[in-house]
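Following this line, the structures themselves.
Both complexes below contain subunit A, partnered by subunit B and then by subunit C.
Presenting the complex of A and B:
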């Protein structure tokens, strides 16, 4: 068992840090903070193109689909450094791992190189108003009609729907089958006739969260599907096997730098801030009680990190990866909640000031995270559902 | 011409044209609608219109209470 990064991996980390220092300009930060074109301004697109040309997106993917056939740990290092700068460098969410595992050769050729080039991205179309934690209760319907499917229904909290090229949609294809067995997944272009998007605004909307806020977006969406006709080639995996494809994709997507950093980045930030700053002449770094709290946060953060590393190690060696991502998805978000509460108590009134306030600390990032930390325990699989998965898959308990 | 739908919870008449009117497009070509013009839900194969998300939430908690036979 080796817990250290190799010299080559440390060199890769330095190379990425240098790239960020030289290329993440104030203009790009402004584009990234623009809530209207979030992550997709022209300078940002140019930067993503250069990141892709360096081979830093999809490092662990096979070469025939544009990847490097490299290490998942290398990919983690790249994602971690960019995430610290507030920039997502991933594989288009749950879509990519699911396509790699269950896609046809045509789908892999169609989507994976495009994802690496930054030309294709997915909105996640799973949750419905009455089917979130109980996802298997979804009602969105896909009916086979010759060489096509006709889709009717709606999705809720489709966060990227306003800037994604495609939606990664879960729909019911056999309403008579047991709940988990009549579901399929489709990869559908957003400009397909019959798709309608309705904005929903989150607690991060006013004022918009600064770059680096790790929780939530200012906008999410409802997405409606009304007689949406798609070719049968949009089906990912076998018909009625979508539950298993989707669960596998979600589980793999929960592993990695982004998920881990969401929960621990503020730990690092507050430690750095406290080292260099006082509040009204009070040096918190010298207060034994606060130092204990910071030490506790750091210890928990290390647990988050080790859980992530273990999961990636299992994925890297093609091990039996089932409940580990769920366990991380319980511990890390709840650590994030504890952390943001601790930071709020430490900073007092200054910790409540949002972006734009004159006395806001670090552009209000701690206050924005205080609002958003609870989101992380709900989205992408609630901690209650995750605990149930750990109980069933990890501890062998029956489904109830 | 069919009558405008009625919110099954609070019985407000929903202007279906407004609820469905396109106000713009997403970056990659899906139509967008006005978030203030009501919402809808696909339930048991039918579209139901609501004046607010609150009404829809109440509906989905106990739909049979609100669906007229």
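Presenting the complex of A and C:
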């Protein structure tokens, strides 16, 4: 075992930190905080180009698709540093890992370099009104018609659908097959005729959550498909194998830098705040009860970090982390909730003040987190479903 | 960064498990609960012949020279097998000699430990059981070339089996420069020692030791007179990290027994494992032990890497205490009535894990140290950074 990064990796981290210090100007921060422009203004776009030019996106991807055939740990380090500044450089959610694993040569050439350049991004089209945690119950239909598929149905919580270039869509291609064996995945341009996006406003809508809030997005979407015709080349992997292709991407989506930070940023924030601040002479840092809870949360935060490192270590050595990823996706989100609720009881009435309010602490991030932290126990596989997976895949227990 | 055990580490760990599976059935721990000596001499000798006691002692003194992590992995397996041997106390005391002893002390002690010829223990706690210098009231006074000790030590492991005890005594009042503590090596058969056996939840061997004018030569002092608190603290940290390893080994085995039981026990027409409430309980048990194990491995790794590791030890022990206790309690829950019948083996693990969580620092003590160190850290804190412990 080895619990430290290499000197080269530490140097990479410092390099990224310096880049952020030099390039994330107040103007860019203003853009990142502006939910109206989806946290993407012209200056931010320019910066993304520079990030890509430095080779910091898709580090672990093969060179022929614009990556550097580098390590997943290097990629993790870059993603973590940017995520701490509120900047996502992960490379299009579940799309890219699944394309790498299951895509044709043409698809890899079509998508991966574009993702790296920031020209292509994906919305996730998985959940439906009647298929959430039980995703395999999805009903969105794709019917083969010559060289095309015709798609009809509705997707929920397609968060990036109003600005992504493509949707990574899970649809049913064989309604007669057993549920998991009649599903396929499609990569579809969002400007295809017949696709309609409608906003769904989250409880973070008003006032907007400050940057860094766990699930601070004010908007997600529902996306409708009405006789949407796409070429058969949009199919990712084999027809009716989509459940398994999707699982690869989802597994990778449940671990990593942004998942880690979602769960632990408030741990660091509260310690740093308590260290330097008191309220009219009331110094929380001297209260033994609060110190005990602070340490408790800090220790759990370390466990989140180590579980993330365990998943990354397994990925880096090409292992299967189905059980470990699920374990992490149980512990980390629930920790995020515990720490958020603990902080509320530390701050008392100050803990309820939202962004922009008189007397709000740290732009109300702790209050907004109370509306966001629990979302991480729901999104991308609920903690109940994750426990099922730990029990079944990790402990060999039967399907109920 | 690769937090998974390396191939060589796994080889040692797996070999230890195989040996203990064959040679250390639960009946041995059960028998030793009633045994006057309190440990299995035969198992001790077999372990000695495998080189376990010296594995992380320096090669120059007959040891294997491997990092302390290896010792931790073996103790994890000993915990799993609830092996009734005075290994942990011997390792803790011997490492104090490695870290701070004189060359002469190392020469006389370490080769014998490595061979399995010398059982040791340590004594720091007193009536006020907190692991801090100001709780040490047992007096030591220099008299010519002797140190004369008076006082009472509580909660000493394996005292009657041990030949030497590494003991912290007060030789001066605390000042800004020194806590006034001396660490020294006391033969357990010294004149003036009275032992009272304690009856513990684990039914293992702990004693209260009264010392009345116990005289040891000054050459038995580890380091300098009155300058021994850092060495004591280091001994406690090392011992705590190793105890965490032992606890997680036992807790994981205990959880596995519950999982196995759930797969076989039928209720309401199906195995318990077919109920989601049981599945989720088991998932939580394993996730908890995984977390404790990762914290413990990181503490051991930092110790071996020469980095500050005390805060990591406290993190590991606080989490291990709470989560492993919950794990063995959940295992009892899954077993139902049979789990608390004397003839069933499960309680052997439950009682040990529970007792061990109360030794070498409670969750409150360790969390207090984490908070103290964290809040004293200059600048902004970040998870994963190196943090110096504050006493």
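Here is the rule we use: the second predicted complex is superposed on the first by the 399 of 400 C-alpha atoms of A that agree within 3 Å, B and C clash if a C-alpha of one lies under 4 Å from a C-alpha of the other, contacts with A are read in each partner's own complex, and residues count from 1 in each chain.
Keep this in mind: contacts are C-beta pairs under 8 Å (C-beta built on N, C-alpha and C of every residue); 3 or more make two chains touch, one makes a residue touch a chain.
Since this is a predicted model, take the numbers as computed values, not measurements.
A.B. asks: Looking only at subunit A, is it subunit B or subunit C that touches more of its residues?
C.D. replies: Residues of subunit A touched, subunit B against subunit C: more for C.
A.B. asks: Quick check for you: in the superposed arrangement, does A:305 touch first (subunit B), second (subunit C), both or neither?
C.D. replies: The answer is second: A:305 touches subunit C but not subunit B.
A.B. asks: Have a look at where A:398 lands relative to subunit B and subunit C in the superposition and call it first, second, both or neither.
C.D. replies: Only subunit C is touched by A:398; subunit B is not.
A.B. asks: Let me test your reading of the model: by the given contact rule, A:277 touches which partner, first (subunit B), second (subunit C), both or neither?
C.D. replies: The answer is neither, since A:277 touches no partner chain.
A.B. asks: Look at A:9 in the shared chain and tell me whether it touches subunit B only, subunit C only, both, or neither; answer first, second, both or neither.
C.D. replies: In the superposition, A:9 contacts subunit C only.
A.B. asks: Looking at the overlay, does A:313 come into contact with subunit B only (first), subunit C only (second), both, or neither?
C.D. replies: So A:313 only meets subunit C here.
A.B. asks: Return first, second, both or neither, reflecting whether A:190 touches subunit B, subunit C, both chains, or no partner chain.
C.D. replies: A:190 sits against subunit B, while subunit C stays out of touch.
A.B. asks: Report for A:18: first if it touches subunit B alone, second if subunit C alone, otherwise both or neither.
C.D. replies: neither
A.B. asks: Under the contact rule defined above, give the subunit A residues that sit at the interface with subunit B and also at the interface with subunit C.
C.D. replies: The answer is that subunit A has no such residue.
A.B. asks: Can you list the subunit B residues touching subunit A in their complex?
C.D. replies: Residues 20, 22, 26-33, 35, 39-45, 47, 56-57, 60 of subunit B touch subunit A in their complex.
A.B. asks: Can you check the complex and tell me which residues of subunit A touch subunit B?
C.D. replies: Those in contact with subunit B are residues 37, 40, 129-130, 139-141, 152-154, 161-165, 189-192, 195-201, 222-224, 226.
A.B. asks: Quick one: which bits of subunit C touch subunit A in the complex? Just the residue numbers, please.
C.D. replies: Interface residues on subunit C, with respect to subunit A: 1-6, 9, 69, 259, 262-263, 271, 273-276, 279-280, 282-284, 286-287, 290-291, 294-295, 297-298, 301-302, 305, 315, 318-319, 364, 366-368, 370-372, 374-375, 377, 380-384.
A.B. asks: Looking at the complex, which residues from subunit A come into contact with subunit C?
C.D. replies: 1-6, 9, 73, 264, 267-268, 271-272, 274-275, 285, 288, 291-292, 294-296, 298-307, 309-310, 312-314, 316-317, 324, 327, 330-331, 384, 387-388, 390-392, 394-398, 400
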